[in-house]
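First chain written, first letter: the chains are A, B, C and D, and each begins at residue 1.
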Amino acid sequence: MYEVCTIVENRLENPRTNTLFFDRTFSARPGQFFMVWLPGAGERPFSLAYPNGLTSKVAGEFTAALMELKPGEKLWLRGPYGRGFPLKDGFLFIGGGVGIAGLRLLADRVGRPRFLLGGKDAGEILYHEELARLGEVRVATEDGSLGMRGLVTDLLPAGGEHVAICGPERMMAACLSRLTQRPSKIYLSIERYMKCGIGLCGNCSCSGRLVCTDGPVFTASELRRMPDFGRRRRGKTGAWTDI
Amino acid sequence: MYEVCTIVENRLENPRTNTLFFDRTFSARPGQFFMVWLPGAGERPFSLAYPNGLTSKVAGEFTAALMELKPGEKLWLRGPYGRGFPLKDGFLFIGGGVGIAGLRLLADRVGRPRFLLGGKDAGEILYHEELARLGEVRVATEDGSLGMRGLVTDLLPAGGEHVAICGPERMMAACLSRLTQRPSKIYLSIERYMKCGIGLCGNCSCSGRLVCTDGPVFTASELRRMPDFGRRRRGKTGAWTDI
Amino acid sequence: MPSVPRHLELHPPLVNGSGLLCFLEVFQHLDRQRAALGGYVTKSIGPEGRPGNVAPVVYDTGHVMLNSLALPTQPIESWIEDFRSLPVQKPVIGSVYGNRVEEWPEVISRVEAYVAGIELNLGCPNYVPGETSLMTVVGDSPAMMREVVGLARAATAKPLIAKLSPNTDYLAAARIALDAGADYLGCGNTAGPGLAIDIEAARPVLSGISGGLSGDAMRPVNVKMVYDIYREFRAPILAYGGVSTWRDAVEYLMAGACIVGLGTCFAYRSTRQMARLTRQIWEGMQRFAGSRDVTHLVGAAHV
Amino acid sequence: MPSVPRHLELHPPLVNGSGLLCFLEVFQHLDRQRAALGGYVTKSIGPEGRPGNVAPVVYDTGHVMLNSLALPTQPIESWIEDFRSLPVQKPVIGSVYGNRVEEWPEVISRVEAYVAGIELNLGCPNYVPGETSLMTVVGDSPAMMREVVGLARAATAKPLIAKLSPNTDYLAAARIALDAGADYLGCGNTAGPGLAIDIEAARPVLSGISGGLSGDAMRPVNVKMVYDIYREFRAPILAYGGVSTWRDAVEYLMAGACIVGLGTCFAYRSTRQMARLTRQIWEGMQRFAGSRDVTHLVGAAHV
């Protein structure tokens, strides 16, 4: 039940982030995710950044192994899973760090996109040129090496009929308080520790909603009724950790 | 995996033959069969004589139980199974005894049918009036109580572009030697002892072909390469019995 | 020990299987979604926090579901914190296990105040490679089984469910469990276990190597378990395994179960869809039974 | 006892599972249809003719196949008559069973001249209600198993396959069988068994009440059996259970099998389609292996 693909390119985006391109495309709605298996290394949830590629940031063993993959090596995917973004025109995208990877696929599929990107430094601003071809891009970096010095939240409020946000959870929570759009028009892609990816193990619960099948994309109105958002998540054993 | 139906009528065709009408129709190609389960009594193969009915002749316990069924009682069917007749115009039908039940469904579905029916006596000539409405019917009975006195083979040769035969195996074998049509245009529905009905148990073998999935309808050219036809069959234990 | 009725009042007589949905806030949410579950069963609670196996821990072969979660559990303090802060309207059954015999009553006494009943997980076939399988030891050892159920019985006056494996001599196990004081038999845990190899990877998929079978395809295994145990003991049975339609739930009732659990049928569904599925199952059961009370169907397949 | 190589030469390394196709004339016909089977296994031959259970004897739940044929067999004289009059080009393996210990070598000595090897059916879970299950007794009794395999070994110098049940302690059984002289282990018979109730009829469907599980869904159970036995003994293994594509056959090779059997995948297919399926499976295996010889895949999943 895995679909196997072969790596054709491992592109280094910055010292800790790489994009793996496959020899085939996968059909997924933007915002859906796959469980990616690398035999021996484990299995983890990833969004696709391209129909034929994913962008990964080193966070631990698994992502470190993804960084090392060579063309010709294989990757196993099952999915697509979960609920993605609606395909609507006029999206304001807000991406923080590797979070922008979770929005990349959507950007290609909707009209009149605008982008607010944030990161520690210029290296963290992914796909800058590609996105600039699609719509206006504004950037905030903490060290000021690209765009405005500051946080992406400093670029808010901003226009856009709909909003799509993906990034560190505290950054997303901060965005919410500064956005003027109606909560039902604001979509956020959130992460929880996923073991099964298909609604069985319960580990990805966020205030009782299963992020793997109810999400990973939720509206701000939904998140209002999910007090764990921005606050806590369940780890490997199920125990709570603060966000 | 059974489809359950309720008996709405139990029509006595003759003292040893009855037709059960259901509260629903089944879709099957003429010549296909169903495994019919009557809890407690067992499960046996039957062709449908009508989209909503089957005709059964008492041969033992199971068919005796079918004879006793009352409106409101239920019957369990799984199927349709096997390969049926081709739907072509200009069929000559040759039916012996309850064998005509196996042709009844086909008669309704093809143009320009003609019928040769045989049986011990008038009572054994099923559906006489119904078939007469569809095409010419010629009858032979052993006691002469209807039609010609004699065997259905005595009515041969006869016209028809294609031939469909169903009846006792010796009668079918006898017909073959008197027919002038090309063997590939002669279709016979044959019976073997069936346990599974779906190609697993092997018990319905006729010279190595599985009657339940290769048949029950075979052409005369196929039967030529099946020496067991007209000669022997495997019983409950698998042991041979002569025909 | 006070004499209380050791009977689970669940309306409808449907629960989730332990390890599915798992956490109290998920139960709260399903209740808000109007799930037709009369109660909820927690993920199996163990004596100390452990992550179980790392992913891949579930694998859908396309024909059957395998899992080798291998009993992850948050620390018992976190469970208690959850019981305190995440109240659930419906009865919650605490599923528990221990690694050593004396741990079972310890876990039970820590959680029993917060739950409507205790389910002993005596039959999980999964393990973390290198570890000795916890459950198989208990499930395969009559003596240990007797001791564990006996200690559990002494540790709680609440309804006690002994959830057994279908992969052992379950009639012997059921007898022991009933003798030792279990009120209900849980029939049963996952079947098999089985192993799936990915041929491109040339290795077993699950990091636990093998995993228990669940879902529609294994239902006949657990229906037989319910049927056999009911015929032998006429004991109250909580059935699990491969229920995904109301017909399946009725099949278990007829085999002898009085409560039916839902698990793998939740796969690939949002919580809203899960809740809807439970309603469809419950509505179908009532329609078939001709009443809101389905108890007359219990054991109906025994002639 | 003459010293002959006790090795089955099967090209391709594919057979039918015993009880499927069953009879010699069916093997002849499949050969004429150019089935890619390197050999055929007869229906299990018993000491005297018996019909087994009456229909319903198979039931497809929609998710798994159940059968409770319960070892029908024509009288041994009829089998011998068939062996004499229905010659098969490919090697034929005689599957045998006895009701009492001493019957096993009797049956073997009657048929062994006609076959390329003997498969001992030591693991059929089916029975005729009222009868004591023949196989379960042998499969569950180490002493009897040792005796039966020993007697069988003495009765034939041809390759001897001990076909075991996945539902027992198969590592122990495999050890006994190998010690007693089996050349191959057959892994394995049907799983479960299971029971299906028709809710409209309110009774078990199969007249044998319960039946063994076969088909795709149970494959992980027998893959695990092959994997475990190969890891422990590195013995030659004939694998059965839920193969319906070349990928499944490769999975068994990687688990450790050197011959793969096909059974329930034949369901609903004409003999022509069955033959085509075997060719597709064999072609896929060779394509994957990159050669006509697939032996390098055997055990490949063991790291």
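Going forward, a residue touches a chain if its C-beta (ideal position, glycine included) is under 8 Å from a C-beta of that chain, and two chains touch if they have at least 3 such contacts.
Computed from a predicted model, the values in this text were never measured in an experiment.
J.: Looking at the contacts, which chains touch chain B and chain D alike?
T.: Looking at chain D and chain B together, no chain touches each of them.
J.: If each hop has to land on a touching chain, what is the smallest number of hops from chain A to chain B?
T.: Each step joins two touching chains, and the minimum needed here is 3.
J.: Measuring between Cα centroids, which chain is at the maximum distance from chain C?
T.: Looking at centroid distances, B is the chain farthest away.
J.: If you average the CA atoms of chain A and of chain D, how far apart do the two points sit, in angstrom?
T.: Each chain's C-alpha centroid was found; their separation is 51 Å.
J.: Just curious, how far off is chain D from chain C if you go by their C-alpha centres, in Å?
T.: About 34 Å, centre to centre.
J.: Return the distance between the CA-based centres of chain A and chain C, expressed in whole Å.
T.: Chain centres of chain A and chain C, defined by C-alpha means, are spaced 35 Å apart.
J.: Multi-chain contacts in chain C: which residues touch at least two other chains?
T.: 61-62, 203 - these are the residues of chain C that touch more than one other chain.
J.: Which residues belonging to chain A are in contact with no fewer than two other chains?
T.: none
J.: Examine which chains touch each other and state the graph shape they make (line, ring, star, complete, other).
T.: Its topology is that of a line.
J.: Under the stated touch criterion, can you name all the chain pairs that qualify?
T.: Going through each pair of chains, those in contact are A-C, B-D, C-D.
J.: Using the touch definition up top, name the residues of chain B that touch chain D in the complex.
T.: Checking each residue of chain B against chain D gives 1-2, 4, 35, 37, 39-40, 42-44, 74, 76, 78, 81, 83, 194-203, 205, 207-210, 213-214, 228, 234, 236-240.
J.: For chain D, which residues count as touching chain B in their complex?
T.: By the definition above, chain D touches chain B via 19-23, 25-30, 32, 43, 49-51, 54-62, 65, 67, 69, 72-75, 78, 198, 200-201, 203, 205, 207, 263-264, 266-274.
J.: State the interface residues of chain C toward chain D in the complex, per the touch definition above.
T.: Spelled out, the residues of chain C in touch with chain D are 61-64, 66, 167, 191-197, 199, 202-204, 210-211, 213, 215-221, 223-224, 227, 242, 247, 250-251, 254-255, 288, 300-301, 303.
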